[in-house]
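Okay, handing you the structure first.
Naming follows writing order (A, B, C and D), and every chain is counted from residue 1.
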């Protein structure tokens, strides 16, 4: 399969550079004539006799064998450095998007108003009239458009209170992306904080857990290509590598929860372990469907399949798979609505309650890195990676196609990947701002009872498409069996459930049925007992009154 | 117009209950007309001896359907004399509330029109006063098992005032710290507030400036 | 070891440390490396501590609602890096917003000791400053500064959210004063800062 | 989250709650003792600070008890102004509850939305009382000052805007399946059990009965307004968290409509302004209570039935009451709520506890 052409040929450049430098080293090496012993003669009186060095190794002969290894080593070092730096720099917008976008969402009347207000603001108040800062009054039309839209659709209100509430304007210079450097401040502060290990904690595991989490999370990016020639490593089974490493971090989460010796962290770690176990399997089966329809376990070939062979994004061929991948990834990165492990309401901060300072900073960064990795993977698997939206279609337009082709050839692929990933993270934030938190048993029920059969169905659909759309050499037997098995499993799981058990699970029982808690623990006299006591009391009272009356009558 | 309980029916119900309660020995009840804001309200105010309190409580719960204990107040009267050195004031309310019925699987909420309530359905408030003689460990019978709502009220009354309730299960400090010394009940009158005396207030370590005009004042 | 530094070995290590320390200090002062380090590192750390102050999300009484309002839409304290966390291990500022009863004195001291250095304490409201209207009560401490060192006092019952944000600004001034940047225009007085009396 | 400062000792079996025991008193301030050293007008400030979420309802509850003790007749206009203040405070308190209930089940944006609307109510109350949270608004025999100029227009505009905003909360809550499965079927409570445990107010009305102190023991000009007590149709097993959420949303609507109607029906119109101390606003009240007299009043707080019992001082005690006793609805409700959550998951604890709307400031006194 031919790879997509991209002028940002990073690997090619680096390999050329390394090869060129190696050749220069080869030329600069000493030649044979100094091969032999070297004698250093010192002035008499300092040392008794001359110093004789042994035979100097002939570098030129040996260099021929080690040159490819050296070239590979240097090339790998340089490419890893560049890719890691790129990943770190392009991850900085993620917390920025989180802060700003969630702020706008929470401050707005509704989602649509929110999205519009991100750019043009509301009630005449925007995020600081950035267009007035543009030189030569270039932003004047934008300001006019903003004013017009606000006058027509904006929630411009006569109450200055409402308008003020709507205002989330910032202080500072517009070109500094206010709030963008908050992440720098936070992490520099974490680096300067004191490191506390709880007295009863298991110190070794406590120290190891953040390292496990952050290292495995960074290692995922070794196989993530930012462009057709912009990746650190691309083995044949890079998808398997990525998914395997992605599944290691929950182990570190469980370590952290257990080693802190705190009940909240322990409950959080348990929840995290159960939830991630329940969502790893549908995730892997969904990714397997993507690999099946693309016919490869290599991410680059998956993207090239969408870009060139099928010329259709997997999103349109496997919509079910895309939805499953999004849901399971949100559960994997433990965001709302699946953030039971770190529920602030009942567990103080979840499994990282006891972590502070730089250890917690590392975990915090790892969370965002996992989100970022999830977004990039979605972009690569389902959104065509570094292909512009509908690139092939637009390039096939008769007249304008050539110009568009030239335009697309000028834009490097990493631009499209990053744009797709950031927009997808905005979707993550949108979901977080508009949904509630799901209970643990409901999360597990959802994962085991719906996502697993649906992922199998998705795999069957992928096999069907692969078999019938691309190479029709297969018989219909296997995909038919897959589809039937998935459907049957779904029917069994959904229809054949125990209604009573489900009822008792979702509606446990009224407070009457349970053992009385404080303050109802004391024996409560029933109304009948009160009736009995009271009748006895009235009988006694009646008797005494009668006797009294008799004595009065007698006297 | 808002639907409120008519004062006339409330007065009639209150008088009937007062007359019924007065027939018990050790109990004297009358209806006290009170005004809150602009509306008059009729309160059944009962004076009860501490020995008859348990029977009175059961009578209220069983015969008169008083299903709600609002508040229990303990008062310490050091200058109240020998017969009324402590006082316990109960506030009950008759709500006449029952579980809404279930009709073919759907709960039908009970929506009553307060203006049409008559007889024993009329919401009433009852005020029961029990005077205790001068003693070091005042006691009254507990009604914890009749009205569970009285449970923490009794706990609080013991915690703050020091009036004990016989038959109360699980008595403990609820508002003060658990390590509070035994016998310290701050609402007893012999305990003074901090800085109740200006002299003490000015002589403390906080370094207030002393104003001569405040010399000898007692807060 | 012994606290007084009395060392009966032939050579007093503490003396060595002091001497070498003085010498290196003089050397560092002579060469302006110390200023360079202070400017490069101290300024950065000081800026970061100033710009990201995480208060503990602890609501005690009335001022807790003003704290919540300060984090909400109209007074958006998160613009200034004030970001509430629930775990004391991850916080920089202990925001005491209410009276400290005898029952709560020990827990709040434990919370304060669970927070990692560098940490600050803000006494918000009259109750936290001096006991406020309850200064006569039998169950209330006369201010949180009887158990915890307080950096900034914010008077008011309760103080408005603007006052809270202003208190965080005052705390930033104090951090500048503490911090390694000597010429950042720090105020000279060492007294605790009281919002509104400048 | 913002439900205050208290401890709930929970015995769990895995993730299932087996036994609970509340432990209160972390901000017990001894208000009842301090009030014995204050005179009747000074106590109002302490009553404001009893419950930080709804200050006006508590100060009005105390003021009605004092007027029962001192036998003061209140002008009608003052009653209307009090009603407006109390209902606005009720809306603000329920908004605070809703904003605190969102984070309990994981949605943070509803908190910001509710606090945004609460700011509008607090602006209105600030125009009345002068302060932002603790208004010290009512006086013995009347109110502190009249409705300011233009208050009626601003109140109508903001309340009508708020009535539109309620639909957004319902869109965020009732149309969210996750919210329904989180709140429906947890925290059952029956009406008779609640009454026997002393639970009143919205928590009781969620159980399917329309008991309300404002109608059963009428105390203000509520009889003049046209309104209905909101009742919720509970589930078969009793009222769950969803019912308690619904009843509070309905109460916010009812209170908003009552404010709008009171602005119409207030005598001499809402736009006429009287100077403070005008006989139309405040009546002369004695400063000393007769010997041995006692006053009490049941009041519909935003959390249930609040009550003050005052024992008069007499000449010997000066202008101070002899004993001030406070009936806090949450002090009685919290044990019952912690009893309700036995048998559910750990994740249901904030959902159940928050649905009862605890306020520790009034609980600990």
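Following the convention adopted for this analysis, a contact is a pair of C-beta atoms (placed from the backbone, for glycine too) under 8 Å apart; a residue touches a chain by one contact, two chains touch by 3 or more.
What you see is a predicted model, and the numbers here were worked out from it, not measured in a lab.
Participant: Given the two chain pairs B-D and B-C, which is bridged by the higher number of C-beta pairs in contact?
Facilitator: The greater number of contacts lies at B-D.
Participant: If we define chain centres by averaging CA atoms, which chain lands farthest from chain C? Would you check?
Facilitator: Farthest from chain C by mean C-alpha position: B.
Participant: Whole-Å distance, chain B centre to chain D centre, using C-alpha means?
Facilitator: Here chain B and chain D have centroids separated by 21 Å.
Participant: If you average the Cα atoms of chain A and of chain B to get two centres, how far apart are those centres in Å?
Facilitator: So the centroids are 58 Å from each other.
Participant: Find the geometric centre of each of chain B and chain C from their Cα atoms only, then give the gap between the two centres in Å, rounded to an integer.
Facilitator: 47
Participant: Just the number, please: Cα centre separation of chain C and chain D in whole Å.
Facilitator: Here chain C and chain D have centroids separated by 36 Å.
Participant: Residues of chain B touching 2+ other chains?
Facilitator: 148, 151-152, 176-177, 186, 191, 193, 196
Participant: Give the residues of chain C touching no fewer than two other chains, as numbers and ranges.
Facilitator: 73-74, 101, 103, 136-139
Participant: Residues of chain D that touch two or more other chains: which are they?
Facilitator: In chain D, the residues touching two or more other chains are 1, 25, 28, 30, 33-34, 37, 112-113, 116, 119, 190, 335.
Participant: Under the definition above, what is the set of chain D residues touching chain C in their complex?
Facilitator: 1-2, 4-5, 25-31, 33-34, 37, 45-46, 49, 52-53, 96, 99, 111-113, 115-116, 118-119, 132-134, 361
Participant: Touching chain B in the complex: which residues of chain D?
Facilitator: Against chain B, the touching part of chain D is residues 24-25, 28, 30, 32-34, 37, 64, 67-68, 71, 73-74, 76, 79, 190-192, 195-200, 204, 207-211, 214-228, 231-236, 294-298, 305, 307, 309, 311, 316, 322-323, 325, 327, 331-332, 335-336, 364-365.
Participant: Using the touch definition from the top, list the residues of chain B that touch chain D in their complex.
Facilitator: Touch list, chain B to chain D: 1-5, 34-39, 41, 43, 67-71, 73, 75, 79, 89, 91, 93, 95, 97-100, 102, 105-112, 114, 123, 125, 127, 147-153, 156, 160, 173-177, 186-187, 191, 193, 196, 219.
Participant: Help me check something: in the complex, which residues belonging to chain C touch chain D?
Facilitator: Per the touch definition, chain C meets chain D at residues 57-62, 64-66, 68-69, 72-74, 98-99, 101, 103-104, 107, 133-134, 136-140, 157-158, 160.
Participant: Chain C touches which residues of chain A in the complex?
Facilitator: Residues of chain A touching chain C: 99, 103, 106-107, 164-165, 168, 170-171, 179, 182, 184-189, 191-196, 344, 348-349, 352-357, 360.
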